[in-house]
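The same chain A turns up in both complexes below, where it pairs with chain B and then with chain C.
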Partner chain A sequence: MTYEETIRQKVIEVLVDEFELDQELLQPEATLYDDLGLDSLDAVDMVVALEKAFGMKMNDEEKIRAVKTVDDLIRLIVSIGEQHAN
Partner chain B sequence: MPVNRVVITGRGAVSPFGLGVASLSEAVWNNSSGVKIIEEWRSVQGLHSFLAAPVPPFNAKERLPRTIRRTMGPMSIYATLAAQEAVADAEMSGDFLQSGAVGVVVGSTTGSPQTYEEFYRGFLPENNIEEVKSGVFFKIMGHSCSANICHALGINGEQWAPASACTSSSQALGLGYLLVRSGRQDALLCGGADEVHYTVSMVFDVVKAASRSNEMPESTPRPFDEKRDGVVCGGGSGVLVLERLDSARARGAKIYAEVIGFGNVNDSKHIANPHKQSMSRAIQNALNEAGLKAQDIDYVNAHATGTMLGDTAESLAIESVLGRGIPVSSLKGHFGHTLGAAGALETIVVLEMLDRQNLVPTLNLDKPDPKCADLHYVQAVSKHPLRTVIKNNFALGGVNTALVLRRWTDDI
Partner chain C sequence: MNTDVVIIGSGISGLTAAALLAQKGKRVIILEKKSRPGGALKRFKRQGIPFDVGFHYTGGLGKGEILRVLWEHLNILPGLSIQPFPPHGNDQVSIKDSDKTVRCFFSYELLQKELQRVFPHEKHGINEYMDTIRSICSTIPFFNLDLPLTPFLRNLFGPANTNLADALKTLTKDQELQTILNTPAFLHGVPPENVSLATHAIVAHSYYSGAYALDGGGQAIVDAFVSELNKAGVHIKTSCAAQEIMVHNSRVSGVRSSNEEIHAADVIFTGHPTHLLDIINGQVFRPVYCNRLRELKNTGSMFIVFGAVDDPDSLQETTWVNYYSVQKGMGLLAVHPESPENSSMMLTTPGRRDSDAISTNSARGVILMRPADWCETADFQKSETGKRPAAYEDWKSDQTEKLLGQAHKLWGGTIGEIKPLAAGSPLTLRDELGNPQGGVYGVKHSLGQFITGARTRLPGLWLSGQGTLMTGIMGASLSGFVTAGEMLGLEELWDEVRQCR
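Let's look at the complex of A and B:
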């Protein structure tokens, strides 16, 4: 499993667990707000849950706000992970 | 301003006997006790009472969607389930419920103590809020139960949340009665909720008013008994639909009883000690509002929690207004003191008593305390003609309430 696949799997696990979602809904192009039904309160909890799961901080609010889809979210986590690694 | 007659058209309960009015009634009529020993409380230093009447575990995920549940502590979940049952029992249509003519008056002692504990356990060690979830505030705010009910059921009328500890739901019923009576709303979901937590029982333990009969959970509390040794706290929620008589008739709703008087006073003497004259005043005010005399009252459902001072004072207050020999019982022996839920849960049982024409006894009352007044302390389920009854509830802080209920018959 590649690094990105590992991240993808863990992000999906967090979203399924935190928001009690059916895993089949979590397609790469699924939008967090419209397709998954999340809202502004959920966005706060999503960041808390992901920070805890990955042991890192998501401090760039502009980049968080730019996340629209599951794939956007996974790419953001991957990039934060790479920054940490560097 | 018009003065409307106010009737009860729906009932919902979450109690130490589980979900639903039926399980509550069945347990009470079977003389069951909901009191248990809570073993993990033995680790709390300085706590002497390890007893409670908690709501039995159930899976809230199966009953409420996450988007509704995420802002609810246990008490708000209880209140919402009770509200849903009350609405179904009243057979209110969705259109009526969401018309603005229906509101919510549901109180509690505080917001969720379990959530308070979780928050401070996470926050205090490092003075850090980084892992605080967005739902925390909505679980601990004072109007958590009523706001969450409105959100869950789409109710957009008046929303109130009386917070007065053990009189939260009796005040909710009283306030609902006044709001419907005045014509501000056609119907209101009225009641209260609370959850079992050691920080709640601690309140009574600190002032030596919590039962320490830890080895005999089903024998305590013992309201009016000479061997009573204090309160056992319970959890749950009771919700009643109070409705304008004309509205209930127009809907063809089943009517359980009419609310005809409400007394609500503060004793202004002592923040904790019961005050006989003030209790009497609450009962007398309710009676006056109902336009009734002492001899019109067939039964009193007492607040009596099983404390030495409280039960004695209440018995003397009842005697002073209603005279000797009136039938009296307390439901605290069955399901403890459910605090903010007490007034509503106990009223639900009283409605059942009116329907069955049954007196329900005080569980664990073996020998009435000679220091208590000379009343008819009901000690067994028995047939008795019941038309007009009083429901007492009192609270720390000096609050004393009394509600007068009249059995509904179509010729009234």
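Let's look at the complex of A and C:
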């Protein structure tokens, strides 16, 4: 499994376990707001859950706000992971 | 029974939200499990001497400042007699193992002069620190009332989210100056490595802008609110614990208390957010939110001695000084497990600036506090108020003696002999204020921890209290305002309140 796939799997796991979302809905293009019914109130919960799952800090508000789809979310985690590694 | 809003808890956040909602014609019922309303603002008496637990002095009451504006809007001011600290009033801070004592005046100008006098080589760092604090607060609507509220409240990370310790180390290499600049930590309860520059700035700025006492202390605030709420038809039910927040068709339907069911479309929970899960079926939330509430970290606790001085000569003058003895460097709030009495401590005499107390000869009260660790009470944590084991009383007496001994060494010459009348430990704070681990400011407003805010996923359920916005009497009052604002329309309510400038 590639690094990105590992991340993808873990993000999906968080969304299913912690947000009780239906795994079948979690397609890469699915939008968090329209397709998954998440809203701005969920943003903090999302940051808290992902920080815990990946043991890292998310603190770039602009980048978080720019996340629209499941795929965007995974790419954000991957990029933060790469920054940490560097 | 039916009403529009049930508020659980009658601390200053609940009272504030109730007053704002009632002004808008809402029918409000407040449930309070203790026998008297007011939460941490209540006073208690020993030998006729009144003691404040949670209110000793506050900022924000100057002309045009937020707490005064809010109280003006709520018609609370006519019931209060506000006593501004005079220019010579200060927090007198002595640094342990150092000969330095600094008078931290409640004015940017005077504090700056004093710091420059004591630390003549640090002028640049001092000026830069003050500019930084002022500049952060100019971006916060509660200090710059021209700003809208929404952007500040919806910001995920808040402004200036670097830690205070790093910021102070950049400003000055002088450990003693770092210590002094870090002293406001006593008033938010978060160590400098964990607190954001913004959280520190909010607390520091409100005191650098002026400090205020009130005749009658925190109780006078409670009484003024209760009187206004009575006029507005708000019903405060004391000795009445909320047992369950009822949910019907995926929204709040009311509260079940020890003796009745109250149906309401909206419920505000003002207790510690972790305790919300004690009275609601957690399945109404997603697991992520329940985990967040459950895992909230708390501020440290305090050990408090309430005493009295016997020497009438020492009572001739009003006292506008609070005394601090603090550990050098970043360890201001640290507790030494071997010798907790060697921690930092604070001594304050609110009675001696209280015209009521002075005129009734009950101004002899002295309050002494030191940071305390929850672990200190490990052997007694299963006990409750009124049913503590004898060993607990022994431990408390021992700690009281030790703290009084330290205070005598430091301030005996100024204050005189202090006779202990009562003491409060982390257990007292847990059981009286409902804060897990006796956390003196409840939820820790630390970097990396997201506070809950007023809104929840469950329609009709709202949170309030110092754990949801900012700490202290100002923070808790503003949280009550923000919660009411979220329910009624934030910017509209903000506009109305701001008109009272």
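The rule is simple: the second predicted complex is superposed on the first by the 86 of 86 C-alpha atoms of A that agree within 3 Å, B and C clash if a C-alpha of one lies under 4 Å from a C-alpha of the other, contacts with A are read in each partner's own complex, and residues count from 1 in each chain.
Heads up, the rule we're going with is that a contact is a pair of C-beta atoms (placed from the backbone, for glycine too) under 8 Å apart; a residue touches a chain by one contact, two chains touch by 3 or more.
In this text the structure is predicted, and so the values were computed from the model without any measurement.
Visitor: Of the two partners chain B and chain C, indicate the one touching more residues belonging to chain A.
Guide: Residues of chain A touched, chain B against chain C: more for C.
Visitor: Taking the superposition as given, does A:Asp17 touch the first partner, chain B, the second, chain C, both, or neither?
Guide: second
Visitor: Is A:Val48 touching the first partner chain B, the second partner chain C, both, or neither of them?
Guide: both
Visitor: Can A:Ile64 be said to touch chain B (first), chain C (second), both, or neither?
Guide: Only chain C; A:Ile64 stays clear of chain B.
Visitor: Touching A:Gly37 in the superposition: chain B (first), chain C (second), both, neither?
Guide: Once the two structures are laid over each other on A, A:Gly37 reaches chain B alone.
Visitor: Jot down the residues of chain A that show up as touching in both complexes, chain B in one and chain C in the other.
Guide: In the superposed arrangement, which is not itself an observed complex, chain A uses residues 19-20, 41-42, 44-45, 48, 51 for both chain B and chain C.
Visitor: Can you name the residues of chain B that touch chain A in the complex?
Guide: It is residues 61, 66-67, 70-71, 130-135 of chain B that touch chain A.
Visitor: What residues on chain C touch chain A, complex-wise?
Guide: Checking each residue of chain C against chain A gives 154-157, 161, 286-289, 291-292, 448, 450, 453, 455-457.
Visitor: Which part of chain A faces chain C closely enough to touch in the complex?
Guide: Listed in rising order, the residues of chain A that touch chain C are 17-20, 40-49, 51, 57, 59, 61, 64-65.
Visitor: What residues on chain A touch chain B, complex-wise?
Guide: Those residues of chain A that touch chain B are 19-20, 37, 39, 41-42, 44-45, 48, 51-52.
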